[in-house]
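Multiple structures follow.
What follows is a pair of complexes built around chain A, which joins chain B in one and chain C in the other.
Here is the complex of A and B:
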């Protein structure tokens, strides 16, 4: 299964991520979420080695709106929908029963659950607030009057991008495009390879065995 | 607007309402049509936009706010902003601090009413009473002590009006600032006297081929986002990044060379690099010959400073020192050094920074593309002159206590400055300073905290303009609640120089998003009212900060309204090598390796028995040296989430700070003591344990974060928490500071020797 050209995707460049959490805060504020609520977009700092051979790599993640949306497949009340028109995965909180199956299925740990026990997660700023994406019209690009997703809008290093696959592919390095076409991260997100040598970078280059998700956990 | 109405408009209130509505919708499956839509999450509501210039770390990145039904609901950056973008055709963003100003706008913990001390207790009063009371107390203070015993400690006001108020009108010569006095005094003084200027921090990043972040963590602690963005752009263009830092940082992570240096040995590394550059004949002979003074002293200072000599001191391999020195010199003039507080806040920092800055003169990178840039400010006018106001100088004939009294003859820095932070408590004890005015300034965070707490008790009059309660405001006689930047008509006149535009002057401004919270008012208006009450009405014709801003722009082809409408405007161009025409602003008119011609400096140097030229001063010459009893180095750091007291209380920030350390499940939301496992294990300390940091001066408690990020023997904690700060959880790092300082510059020495112990028991 591959991503449709007009389906939205995230792109992440760890070389440009400065680990500042601006994406997490921006997401929280755009969606009017309490500071202590679980983040829809998280930043993890993956460290290894002993001083001074120490490394710490920041990784920003959220729902990746997977082409194969494992969460949608396991959702008993069909509250989760992978939308045909733009590929965004939304949740209808009126249908959600808070069973957490989606959390088990998600490779990125994206679903969060609030005090009501209902699932909420990144809706690519299709709407605002929990469940804000459900039932919204097709997402437009900023050029056509759509919003810039909050995390992209305030990414200080310019490390996060989002857009229809055909547009994102124009902006990525040849190496990242190649790896994506070869099925890196199961085609769910486009990630630039780390420029630096080092154990973690090698692990990422190694591809399937150690995904960024494993690194972040 | 009454305070009650304002409180109802807070975002928190809206948030609660919003949550209730959402819950109802979830249960009922639909939203009753009689319910008002929640403006915070209903984009279809009436939407407007407003600008700000971020005042969280005071470096003024442009802010754009979405306002629905009079409430700001979202905030982001301004494209192409000089401070908040990478320059032309690049997007503007906001770092976490800048975003959290939205939270501050509606923070219910802010002070929103004026308070005065009546019968020993602070009491909320209305503005008329507060102004009247303060004017009367100031008059009594002048009668009893003399105006010259009042200290103006304004830090982050949004205008320079305080200088005229306290100096010209009230008539005190006592003034303490930030850069020179508490932030980076040593480099500030070195830069100023050597010819780089006091703003000696910034590289022309975008054009640089070789950047040395010397004791700087540019990706986490920056003076505007243009800095990390500029460095990333340079890296994209193939530049080499070198980081000199005892601790691993996000900047070190992205560096080509991380030099994990023995703390406080920067001066030795710099001299050895100079030695290599001279030995290899890689220095700029033309520049040195024609544009510099004191090269002989420099040659002499580096003659025996081989990389092997420096390896023993710094712990950096001689080969690496050689490689970096050659790389830097070969890339010059497109090579620059970014240096700020890391080589600014220890006892020997003035001399260390002089050694580092000498490298700029040696390779001739000054004001050349990709090197050290001499930014130019817009030609802002003096509003008093614009209005032809015959302003008296009531401070005339007065002398700052530091120079007026024999008691302070032991302080060599009195030859180059009028005050020092660590000497103020002594001056209060001696009855030479009896009052203080703090405007967004908290001396309790800046060193000698315990002595300062006593000094505040002793002072006869403490006036503050602030937004939060803390040990300073609680000790004050008058507390004026200040409107935050987003609630004011603000023209950024604090050094609008360094930016992503290497060749353009610029100015940035914005109008209030809406009325201030509660009874809070712009600090400018507070001082104007006070001036009128003091009988100085004829000298202060301005009704508002906007009017004052208008006069500041008298020499610029834009009105305040026009600037604020666009958020920023670019002004005229300026070229490189401005020294060709103007020379250097020094005693000799040249870049000075040797400061022998600077009279005040030469006098200080003589008293201290040090050279006027570059010189190696080992750590411990004036600063602490760890010993058996206090075996660990302790230094404070800045994370991307906080700057001064302005942002620590905000929940979004301390929450993300906790998450970054994977300590979010703990209740604790203070700062963390970072220590290496090799120091933690013998002390039985694990991440999440509460620990005590102790020095001969005192102790404090905070939570441990054990990490290989830091050097064994070198512990650090984030600045701006604990007793004395507005976020009182955690440890004020200056509780363990006595009066250590750099005797050349007066800068408090924040590098201390401590012992750390586990508190034991449950957290």
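Here is the complex of A and C:
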């Protein structure tokens, strides 16, 4: 299964991310969520090596609105829906039973659970608040009058982009596009290669996850 | 979870890098392993009850009251376990009424939770019907046995109600062919409790669970063995004599325990040699501290009934069951069945606590 051309997806460029967390803060503001609520968009700082070869990479993540939506497949009450019209994965909180099965299925750790125990996550700013995306009309691009997702709008370095696959693919580097087509991250998100670590990138592109560990040793 | 986190940190430190993002992997509490275990125990107990009915029919006049006792205890244990499973899973959910209205809300039949809900509910209905047919009517009214205690309760609450139930059951008691069909369908549902294994096995992100053959098979064999064991233990508490029927069930538990042990060993070796970082994290967690003690408890819980069931079963069939062995063997078997129950539950708890989700590997 692959992403439909008109289905929305995220693009992330770790080379442009400065790790400022503006994306996660703006997400909470757009959706009127408490400051201490679990983040729909997280920024993790992954590091390697020791001084003076220490390196840290900030990684901004949220629900990637996967083309195969593993969360949708396991959701018993059909509360999670991968929409045909724009590919956005929404949650109908009026059906959610709060079983947390989706959290196990999600490869990105995207589902969060509030005081009510119901699931909420990024809806690509299709609507506002938990469950706000459910039942909304097809997402329009900003050129057609739609809103820009908060995380994209407020990203200081332009590291996050979102849009229909056909449009995003025109904006990414040739290498990122090639890697995406080859199935990196199982075709769920487009990520720009790190510019400073070609050896690491090549090893993982070769499909050898363990090589990360071996190289670090 | 703190132990797991510290173990994960150890794994990362050993690897010498942290170019991965670990997910919390703490989405379920301990009510889930209880649910996953009791559902299969209900299946095992139902199978015991249904098979005891079958044996009684086949043996005809040669049958003794033991088969009837085993049948009643089997259905009683099945109902109690299914109820416990239901309560355990409901206690975990955020909106209980939606789960109770499952025919309306649980509409995704690709989800093992939906499939499992139907299996567990239907199995409960079958077990209740079978138990009512065993407890009430003309024959049970003249029977004796500890498993008839629900009759005593009904008689104590309302004697006219008992008369009504006896009369009703005699009127609706189905012919043997229908009975056989009922037990056959119920047995399919009982075997269907293998769904508890599939609930975990289809989770691609957790290498510890993602074994589509081993985990469901192990859930079924260990759970059914525990269900049979629980039924036999209840029966043996009141009927100490070890006869051929009892020996047959003890041998079945022994066989299922042996298969469980083999599957456990095979799964463990697969985990130990897996290259996946999350599998390594799970292996590290399960070979550390209390979790490692738990692993050995699970192993022992399979070994004890395997050996005892084999020894006592074979001795009975070979007519070499000495009075001493019979006197000691009964309580020992009850103890081993109790251990099987504890081990089966601990096994599922370890699967939850030792679970690590595939980390997100940061691709350069």
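Definition applied: the second predicted complex is superposed on the first by the 198 of 217 C-alpha atoms of A that agree within 3 Å, B and C clash if a C-alpha of one lies under 4 Å from a C-alpha of the other, contacts with A are read in each partner's own complex, and residues count from 1 in each chain.
The definition used in the following text is that a contact is a pair of C-beta atoms (placed from the backbone, for glycine too) under 8 Å apart; a residue touches a chain by one contact, two chains touch by 3 or more.
Predicted model, so just to flag it, every value in this text is computed and none were measured.
In the overlaid three-chain picture, which partner chain does A:100 touch, first (chain B) or second (chain C), both, or neither?
The answer is second: A:100 touches chain C but not chain B.
Tell me which partner A:47 touches in the superposition: chain B (first), chain C (second), both or neither.
The answer is both, since A:47 touches chain B and chain C.
So, A:118: does it touch chain B (first), chain C (second), both, or neither?
In the superposition, A:118 touches chain B and chain C alike.
Looking at A:164 after the superposition, I want to know if it touches chain B, chain C, both of them or none. Which is it: first, second, both, neither?
In the superposed model, A:164 contacts neither chain B nor chain C.
Quick one: classify A:193 as touching chain B (first), chain C (second), both or neither.
In the superposition, A:193 touches chain C alone.
A:58 contacts which: chain B (first), chain C (second), both, neither?
It touches chain B, and chain C stays clear.
In the superposed arrangement, does A:76 touch chain B (first), chain C (second), both or neither?
After superposition on chain A, A:76 lies in contact with chain C alone.
Between chain B (first) and chain C (second), which, if any, makes contact with A:109: first, second, both or neither?
After superposition on chain A, A:109 lies in contact with chain C alone.
Identify the overlap between the chain B-contacting and the chain C-contacting residues of chain A.
On chain A, the overlap between the chain B and chain C contacts is residues 47, 49, 57, 116, 118.
Quick one: in the complex, what on chain A touches chain B?
Residues in contact with chain B: 15-16, 18-22, 24-26, 28-32, 34-36, 39, 42-43, 45, 47, 49-52, 54-58, 93-94, 116, 118, 127-130, 132, 150, 153-158, 196.
Under the stated contact criterion, what part of chain C meets chain A in this complex?
Chain C reaches chain A through residues 15-21, 23-25, 27-28, 92-95, 98-99, 105-108, 110-114, 117, 199, 202-206, 275-277, 357-358, 360-364.
Flag every residue of chain A that touches chain C in the complex, lowest number first.
Its residues touching chain C are 14, 44, 46-49, 57, 59, 61, 70, 73-78, 95-101, 103-109, 113, 116-118, 179, 184-185, 191, 193-194, 197-198, 200-201, 204-205, 209-210, 212-213, 215-217.
Please name which positions on chain B make contact with chain A in the complex.
15, 18, 22-23, 25-26, 29, 38, 40-43, 73-77, 91, 93-96, 99-100, 102-103, 219-220, 225, 228-229, 232, 235, 248, 250, 253-254, 258, 260, 640-641, 651-653, 655-656, 659-660, 676, 707-712
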